[in-house]
Amino acid sequence: MALVKLIEYAEAGPEVRAVYDDIMKTRNVDWINNFWKAIAHDPKTLKRTWESVKEVMAPGALDARTKELLYLAVSVTNNCEYCIVSHMAGARKAGANDAMLAELMAVVGMANETNRLVNGWRVEVDEKLQKAARGG
Amino acid sequence: MALVKLIEYAEAGPEVRAVYDDIMKTRNVDWINNFWKAIAHDPKTLKRTWESVKEVMAPGALDARTKELLYLAVSVTNNCEYCIVSHMAGARKAGANDAMLAELMAVVGMANETNRLVNGWRVEVDEKLQKAARGG
Amino acid sequence: MALVKLIEYAEAGPEVRAVYDDIMKTRNVDWINNFWKAIAHDPKTLKRTWESVKEVMAPGALDARTKELLYLAVSVTNNCEYCIVSHMAGARKAGANDAMLAELMAVVGMANETNRLVNGWRVEVDEKLQKAARGG
Amino acid sequence: MALVKLIEYAEAGPEVRAVYDDIMKTRNVDWINNFWKAIAHDPKTLKRTWESVKEVMAPGALDARTKELLYLAVSVTNNCEYCIVSHMAGARKAGANDAMLAELMAVVGMANETNRLVNGWRVEVDEKLQKAARGG
Amino acid sequence: MALVKLIEYAEAGPEVRAVYDDIMKTRNVDWINNFWKAIAHDPKTLKRTWESVKEVMAPGALDARTKELLYLAVSVTNNCEYCIVSHMAGARKAGANDAMLAELMAVVGMANETNRLVNGWRVEVDEKLQKAARGG
Amino acid sequence: MALVKLIEYAEAGPEVRAVYDDIMKTRNVDWINNFWKAIAHDPKTLKRTWESVKEVMAPGALDARTKELLYLAVSVTNNCEYCIVSHMAGARKAGANDAMLAELMAVVGMANETNRLVNGWRVEVDEKLQKAARGG
């Protein structure tokens, strides 16, 4: 059981309902998942977070599926169960299949491994890589 | 200065040279970056890590660019400077542009934020999301 | 079920009981929470940890409530469920209300987000900020 | 050197300048620190991040100093150098003194320690604490 | 319930069975734990991960028990429940007793604490320590 | 440059000097490393931290070298540069050689990788492992 009471649509005030309506419309779903109900106790955080997520996750230079995969990679690294489940669901909805998810896990695992090999030996950044990273 | 002496090609033994040769051939480059030179003191780890990275990062269900972006997202979350620089370079080489990298940073930031909102309130996973995550 | 048997007061030796007694007296409660019972298998760690927590959490330049909020912010960042629950309880006992906890979550989320934007772009510290941080 | 060119006021477009102006006005300063100049390459992220930070860090149920201290505690836990320096500067500007900062570090250290003792032994949450955390 | 169906021996293909057989033979056990069954959906990752773990965890300059303790220390720091439980079991199998595990937890806790005191104050590395770390 | 002025022996008060003296005597060295000088601004934290480190790192069920290796493994996982350097130095002083350190890095890398594979697929703990972890 969450540490705050979840705010259902029926009991929500107009400010919260407006956000819920926009979530359902934007995502083309007819229900609100627990994350939003949990932060709805703080309508400003609900509104700010939703508007930020909506802007950040909209297709742009990266498509929606890639964005969901990135979100999932971060959540796996941080071990956030809710976020893993919800963004794996989001990635599938955006077209990710079993093989893609398996490859994502392999990449995330490998990155977490080599991050520590680099950390441990305090490897200095190559100038060539630095320049290439800047697009120079 | 790294905590181990970097092993240059000229001074490397045959086992290490074989890995260096494969790295240069696979990536179509004519130099070895510091990460490999640092772990070359432990030839087994060099060989195992390279073979794993080669297998994991090869295009498959996900293309090479998406894999580099995922590697970068993890490295940003973990604040591994070397890995950020090298995989931002790798992402650019695989076709990522400024706009894509900027959107990646926005997604990574947002994911790290909402991961904590979920953690903090101990939000329970919705059954519908759990089912959708499994592809059911 | 925890990975160690919890040590109840009735079965505890005198060294452990002395710590339990001091916890109950200092906090003005009549029970011991599971954390202490779990580490009581190692009486030295129990004693050292309790004495450290007691010293660190005592009101000083910062009041008890601010300290509980800081503890909670760290625990949310690390996703430590037990610590989140116990220090949210501690914060409430020290006077934190719903609005304060909601603002804390918003700050913790935002800090985790901007930490990654800074990490990702490897932003260099401004000299003015460095001087100001030192109180110069 | 950061991985993106910093956008100075003189070369910024109107959208970026508007944010820079608001930052300087809101904080009553006459310069822009590197963080904002680094993300200004992505004006939408600049605007969204600034508006979010402005809203979240404004005094409310928690005062400005407490919010800066919480931001600092998260940044220390995550080892984000830029964020540590900038929010230690922010905390001092909002009235934090040496003694407060020293106590903050002690609390952050202790929380990171006990988080692991709890993690390691998989201590189960006490029902009483769960109820108290919810304010029940 | 895991996010992928666990692959039992009876339903596994020859590639997966070969890995399962090697795990059971190497560890001298007659069953496969859930971790391997979960990643068996991706036989390449199963094979690569098992061969890497087998190579890395084999006694060498460090004995098997020390390696299990190190694995456990990392898993406690990252709060990975499955890994904590499985490597605590592994450590016990390799001869670790209650007192050793309790001391491990104390060290892990302390390291996580002092890591933050160092982070927070941005302490510079002493040249003498740098030289000593390199074995100079 | 650290965010606090380092307290040298010559300028230290009697409380700080007593700790410095004990550090030098216990470790059989004739100098104080920067970590202690940085936290000496807060003599209570200096004293508490030193006494805790002294107690925790003393040989017991685990020998001094194993404890230094565990400290190093945590510091590599957290990417704390100062701690990595100082505890790699400490491990060498306690008898660790190049081969041991290389194996440690391999184990730490592998643990960080498999931690994420487990996180990502939400693998449930096997009852047999849970029992074995408890020593049952």
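The chains carry the letters A, B, C, D, E and F, assigned in the order they are written, with residues numbered from 1 in each.
The criterion applied here is as follows: contacts are C-beta pairs under 8 Å (C-beta built on N, C-alpha and C of every residue); 3 or more make two chains touch, one makes a residue touch a chain.
None of these values were measured; they are calculated from a predicted model.
Student: Considering only chains that satisfy the touch condition with subunit B, which of them also satisfy it with subunit F?
Tutor: A, C, D, E
Student: Of all chains present, which has the mean Cα position farthest from that of subunit C?
Tutor: Comparing chain centres, B lies farthest from subunit C.
Student: Find the geometric centre of each of subunit B and subunit D from their Cα atoms only, then give the gap between the two centres in Å, rounded to an integer.
Tutor: 27
Student: What whole-number Å value describes the gap between the mean CA coordinates of subunit B and subunit C?
Tutor: Here subunit B and subunit C have centroids separated by 34 Å.
Student: Could you please state the distance in Å, as a whole number, between where the Cα atoms of subunit E are centred and where those of subunit F are centred?
Tutor: Comparing mean C-alpha positions, subunit F is 19 Å from subunit E.
Student: Quick one: which residues in subunit A touch 2 or more of the other chains?
Tutor: Expected reply: 1, 3-4, 39, 44-45, 48-49, 52, 56, 77-81, 84-85, 88, 98-99, 102-106, 108-110, 112-115, 117, 119-122, 130, 133.
Student: With chains as vertices and touches as edges, which is it: line, ring, star, complete or other?
Tutor: complete
Student: Given the complex with subunit C, which residues does subunit D contribute to the contact?
Tutor: On the subunit D side, the touching residues are 1-4, 31, 33-35, 38-39, 45, 49, 52-53, 56-57, 60-62, 66-67, 69-71, 73-75, 77-78, 80-89, 92-93, 97-100, 102-104, 106-108, 110-115, 117-126, 128-130, 132-133, 135.
Student: Any idea which subunit B residues touch subunit C in the complex?
Tutor: Those in contact with subunit C are residues 72, 76-77, 79, 81, 84-85, 104-105, 108-110, 112-117, 119-122.
Student: Using the touch definition from the top, list the residues of subunit C that touch subunit F in their complex.
Tutor: Interface residues on subunit C, with respect to subunit F: 1, 3-4, 44, 48, 52, 55-56, 130, 133-134.
Student: Under the definition above, what is the set of subunit F residues touching subunit B in their complex?
Tutor: The contact residues of subunit F facing subunit B are 79, 84-85, 88, 98-99, 102-103, 105-106, 109.
Student: Using the touch rule from the top, collect the residues of subunit E that touch subunit A in their complex.
Tutor: Spelled out, the residues of subunit E in touch with subunit A are 3, 39, 41-42, 44-45, 48-49, 78-80.
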